[in-house]
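Read through the structures below before going on.
First chain A sits with chain B, and in the next complex the same chain sits with chain C.
Presenting the complex of A and B:
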């Protein structure tokens, strides 16, 4: 959760010049990504903020990208490492396309590739500081999985990264069911993103929702959620308790 | 008394020593108190016009030595003890922890506790699991503590701390009620708790959700271990607070009825129980309104034993049965309810 906690691995075994080449702390980070399976495919939501420590430095960061024809990748954590991963995947998809054999990499394969990359980087004490969400649909088979920066990977009906694990997963566990319609799925995702907006300090009110189906990937225009602040208790919280705060 | 051996550099110093000698009662063989010496010297310093004398006097004080016949005379000058909490043991504990000697783990109530304000009052909820590190030490503990007939408090953090602090403030409130003859107010409990916790600078690890109804209306507060408080319409604390807050943030609205409120509180606690490892077992609910309170212990039990013996427990055949008749205890003292409280 606390990405800024410095994880200093034992660098006595590696030479001094290796230090400057390894990721020690994340600098520009994205917050949580939430995704779920619905009737026609996968729905994923992420806000567009890139924080530089405690400042919200970038407010137009697209943290979800299409991979090939069948997959959608969302990432939280270090933005530069996410861009590096996109480059790796570009090479992978290009190599696959060059075969020109009518077959294309599906979400399961891309997920496996990402797991190997993340785990191997972690073993060299030079991790890609990201938590990735990989969703897609191929030949009617929906797939939604996640990989963390240390290589922990699993697939599930609904996943989230970062704070989303604590705030969004409980809601999804209770309210997700098989064969959600598109509108219901979006409503459920918006519910989760609203709670994250209220309670995560690095979240901003500018989000995108991406969907991937057999037809392809579409990503919505950035929009903001309506929030409610008109509780009477918020207007004058210390009404009955004068002198308190 | 070694004053005479002090460095005498100026005639004024000699005057001081002479005064001291006078003070020393020749008939009583008693040493001069260090404090007395200080007063005498100070008096001389105050009345003296010259600066030189003062500096000489400070040299004089430093070279004074007192014999070891009095028990405290080895110290130079008595400094009054500092008030407040002494953090020396905390420093020692930190030093030991650095060397690898860790203190025994406390019994924590890794917890989900919630409170919300509804139409007619306040509803508090809590799970019932108490943990000691990775082990569940109490499957059905009580986390909703009594403070006053109209005020209850849920506690998260170290179990001993929450119990002790709520007990202490509860008795203080009782004494206050006897003193004033009025119903306790929630802000009273709030202030007593926050003063105590701030005084101990966060070392009393108690995170509390305090709720009640008094003459000024329903109130809900959260109190953090360092002593800060919040006044909120809905609140959650403990390790499961995020899971419970997710439920509250998506489903809370103002003007809930009693049943809606109980259902929402139960849902939030269940969210904590099933999504947080530090919380589990059953749901306790406490509803406080102007009319009175209702403590629903184990309102919901979503984690029953999966396999139970249908025959129950059967004693071995050889067990001796002493009596099959139950004789109730005789009441010796008659308890008078109410009494005459003072009129407002």
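Presenting the complex of A and C:
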């Protein structure tokens, strides 16, 4: 029984007071996440930027986290909503562990849970403003899936969020193949992240690559990609089109 | 401050086409496997077909999250039915359940365009076609989804049923053999893929007959 006076209207149909509780737009956002299946598991990359509109407010945001023993979650979109999702997942994993029955939630199960959470929030017109990437491996079975803020979900051999869908997926469709080695997988991800760095305004040159295998999850130290700005087209961009920028 | 409007939509159209054709002792249900959003392809390998009961299969296109939720809902209801009645739901029974489920959300619809196909209690093929809020009709064949405007007229040309207004009531199921119906489905999707940008990649065909359920795949244009 709740004896404390609650200012929060529980019924989200309660009209104007409840409306102020609903998400209208995101504030602090992360940009693309790119992930692919490789020989031993999943590789995922995301930069460490947290943008506040067009300002680069935070430069040390970890947008990929391990979930339980078998899964890795990457998120783009509203950072605070990502943190709330991590709280939900903490509870989920805790209860799973408390059963103490030798069973543990695999990536497929976590993905399904996240899909239901995102869809239910969308039904209440109060979405968690994220695009999530969930990857993992359990008992030799690799899994890589994604969920959007309105609950659209699917699994594939490679996935990306946001700009990654436009810039990284085509590269992955061309160059991904089964049983990539770790080095080749990282090279391919870096190729995608480099393109995003050149062309996505909200991308920053400080990224992490996370790997999840049967042994567990490891996440790299933040590092930056080598970039090349001496392309002749960059040198004098308005040549041939005076007055443009 | 005036009330802010939401700048996001709870709906999206993930595209795709579905077809079902009923025969004397079989039913063919088919859908492409492309999932899109706007002008992007999200994945080329997503099944729109869901087996609801032993002799009852549903193909749905539209907003994928709603389709998934609808499939889960019906699967759960079927499980309860099995516990209570100790038997599988028949296709006509599932047809009514689907209609009621859709209408239940009449004022926040499942953006899902469905065709239900299977065998009725006598083993004859039956196809039911739906709109997003549950109006349904038993027909001999149907198509739904982004390619339906291209597919339906062709099916009418090849399979035209006698009018349901005629007396005595004529059978709507096609006299075609199973292999011919499957071939027609392949032709129809190959054509739709040419002109509908949301249809393509791969075609998944499910055939239900007295022997059970079998699945077949065919490649479609990837552009």
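General remarks:
Note that in this section the second predicted complex is superposed on the first by the 217 of 245 C-alpha atoms of A that agree within 3 Å, B and C clash if a C-alpha of one lies under 4 Å from a C-alpha of the other, contacts with A are read in each partner's own complex, and residues count from 1 in each chain.
Just so it is clear, a residue touches a chain if its C-beta (ideal position, glycine included) is under 8 Å from a C-beta of that chain, and two chains touch if they have at least 3 such contacts.
Predicted model, so just to flag it, every value in this text is computed and none were measured.
Of the two partner chains placed by the overlay, only chain B lies in contact with A:231; chain C stays clear of it. Of the two partner chains placed by the overlay, only chain C lies in contact with A:122; chain B stays clear of it. Residue contacts after overlaying the shared chain place A:222 against neither chain B nor chain C.
Judged by the touch definition given at the top, the superposed model places A:156 against chain C, while chain B stays out of reach.
With both structures placed on the common chain, the touch criterion links A:191 to chain B but leaves chain C unconnected.
When the shared chain is aligned, chain C comes close enough to touch A:25, but chain B does not.
Contact with chain B, but none with chain C, is seen for A:171 once the two complexes are overlaid on the shared chain. By the touch criterion stated above, A:53 is placed in contact with neither chain B nor chain C. The residues of chain A shared by its contacts with chain B and with chain C are 166, 169. Across the interface of their complex, chain A is touched by residues 117, 186-187, 190-191, 216-217, 219, 221, 229-233, 242-243, 245-247, 249-250, 254, 267, 271, 274-275 of chain B. Touching chain C in their complex are the following residues of chain A: 16, 19, 22, 24-25, 115, 119, 122-123, 125, 127, 148-156, 165-166, 169.
Interface residues of chain C facing chain A in the complex, by the touch rule stated above, are 3-4, 6-12, 14, 35, 37, 40, 42-43, 45-46, 63-65, 68-69, 108.
Of all the residues in chain A, the ones that touch chain B in their complex are 163, 166-171, 173-174, 191-192, 194-195, 198-199, 231-234, 237-245.
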